[in-house]
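The structure is given below, and queries will be raised subsequently.
The first chain written gets the first letter, and so on, giving A, B, C and D; residue counts start at 1 in each chain.
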Amino acid sequence: MVAFEPSDPGFADRIRKSYARQQIMAFIGAELVELRPGYCEIHLPYRPELSQQDGFFHAGIISTIADSAGGYASYTLMAADTRVLTVEYKMNLLAPARGERLIARGQVIKNGRTLVIAKADVGAIQDGEETPCATLLGTLISLADNTKR
Amino acid sequence: MVAFEPSDPGFADRIRKSYARQQIMAFIGAELVELRPGYCEIHLPYRPELSQQDGFFHAGIISTIADSAGGYASYTLMAADTRVLTVEYKMNLLAPARGERLIARGQVIKNGRTLVIAKADVGAIQDGEETPCATLLGTLISLADNTKR
Amino acid sequence: MVAFEPSDPGFADRIRKSYARQQIMAFIGAELVELRPGYCEIHLPYRPELSQQDGFFHAGIISTIADSAGGYASYTLMAADTRVLTVEYKMNLLAPARGERLIARGQVIKNGRTLVIAKADVGAIQDGEETPCATLLGTLISLADNTKR
Amino acid sequence: MVAFEPSDPGFADRIRKSYARQQIMAFIGAELVELRPGYCEIHLPYRPELSQQDGFFHAGIISTIADSAGGYASYTLMAADTRVLTVEYKMNLLAPARGERLIARGQVIKNGRTLVIAKADVGAIQDGEETPCATLLGTLISLADNTKR
């Protein structure tokens, strides 16, 4: 994997502020655990409120943390005066997402001028053992941050 | 659009029971509003807890109701002794999901023996006017319902 | 479906020139049949050289005309001094693509400033009857046409 | 990456026969270069007939070899009396596919009972140097081989 050079040395601080504004993350109990250039990791402990009809994590909740992990992985490489939006993503479910915790690892695949392509792999931890449960492939766009004007 | 013939005349009751077990739906406040053969509509009123960093509905939450709308649209056509799982989906975001309510309309495109292809269109209602904000295209699988054994 | 207003009244001529440069289209025998604002239709007669292992049209060939139909549907709405590139697409196969002809109908879903979201539905004509065989959902980007500088 | 155990020791021979029936491969000049359990590599030398409007490989042609690479990677793990069909795939284009040769590397991500999830990474070789140009994520299905009845 290529090493990425962030254009904004203060990327981690910028992202933690953005993450804190994503109220959905606190609502479901997701934690931003790691940030590196081109990489972001988010953890989500199990709660029955997050489940689908069989008691496993709902696919939409898996994609909620996977999308944010891929999005913030991308945002680590964007300029300080930008914001990031998801254009689209595709997610394959690999196994039932059962266990006490999900881990979503977002990773930039291609850092383009306007668009960034990122993936996110999600694993489910059950009795301390991790099973891959989903993989996401998506496109993010960098926009001028009008909210600062 | 082709009219679909459900194999299980009791599909609506079966789906309402499954929906009630999806605890995530009550947790975020989503309502199952309409069920017809090959069709399912889910509404979601706005709450700040569902927002991303700009205050709009988070993409993952949009996909949560879109995936369930597409999944239950598919499940209307499946046999009584089956359960439905999402194989994968792809979602494009068309506009910021801002407003007081989201509406996800799931619709079966192809009803295969094992796999069902469905789409879901999501609109955001602001000041009574609806704007398309996302479209999802996904694959569902019908499995024997082992939970009844 | 919304009616689209093209910014370049000469879009049809511009697209026919671009299409003529897509050598793959002549190579496989695809024909550009219709162009309207936000819409493009491409036909492809069957030839054994285009088949997969069962003698049907290969998925990659289906996507070749579907991608071009979606791309040129998008390009009808772009400015005269731009070029169009595919960012990504997702395609679901609905039925074996058997028959004497494929028809790909590209349609713009959302015409954004930089990005355009388009779909393409592909039908297979067998004995004069059309069966839906694939549906594509994709993202296109409009770039400044440097080749004119 | 997990090591996969093929259920059919004669998988390579079975796949080479299937590949030979995919007439599109000979038509565009693609070569099946490597087969291992869960892996398949296909090469495609450049020809102007395969190009889009800027002279690069057309996205549909990239997906033609990527889809076959992912499909045959999946088929290495399927039983002897089955056939493989593509359910769907999603492809992101990472860079213009320019150069003298494309290499598509298909790899199984999840080998399920009925469905297989596979990816394919495509690189373009220009002046001996490889640049990633596309990545595909798809779903394949294993079907009973009725053609043998």
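Assume a residue touches a chain if its C-beta (ideal position, glycine included) is under 8 Å from a C-beta of that chain, and two chains touch if they have at least 3 such contacts.
These numbers come from a predicted model, not from an experiment.
Q: Which neighbours does chain C have in common with chain D?
A: A, B
Q: So which one's got more C-beta contacts, A-B or A-D?
A: So, comparing the two chain pairs, more contacts are at A-B.
Q: Among A-B, A-C or B-D, whose interface repeats C-D's (more than half the contact pairs identical)?
A: A-B
Q: Greatest Cα-centroid separation from chain C: which chain?
A: A
Q: From the C-alpha centre of chain B to that of chain D, how far is it in Å?
A: 32
Q: Could you put a whole-Å number on the gap between the CA centroids of chain A and chain D?
A: Computed value for the inter-centroid distance: 29 Å.
Q: Averaging over Cα atoms per chain, report the distance between chain A and chain B in Å.
A: Between these chains, centre-to-centre, one finds 22 Å.
Q: Could you check chain B for residues that touch two or more other chains and list them?
A: Correct list: 87-88, 90, 92, 117, 139.
Q: If every chain is a node and every touching pair an edge, decide which shape results: line, ring, star, complete or other.
A: Contact map by chain: complete.
Q: Which part of chain C faces chain D closely enough to touch in the complex?
A: The touching residues are 18-19, 21-24, 26-27, 48-55, 58-61, 63-68, 83, 85-93, 96, 147.
Q: Would you mind writing out the residues of chain C in touch with chain B in their complex?
A: Going by the criterion above, the answer is residues 90, 92, 94-95, 109-110, 117, 132, 135, 137, 139.
Q: Taking the touch rule as given, give the residues of chain D at its contact with chain B in the complex, in rising order.
A: Where chain D meets chain B, its residues are 87-88, 90, 114-115, 117, 139, 141.
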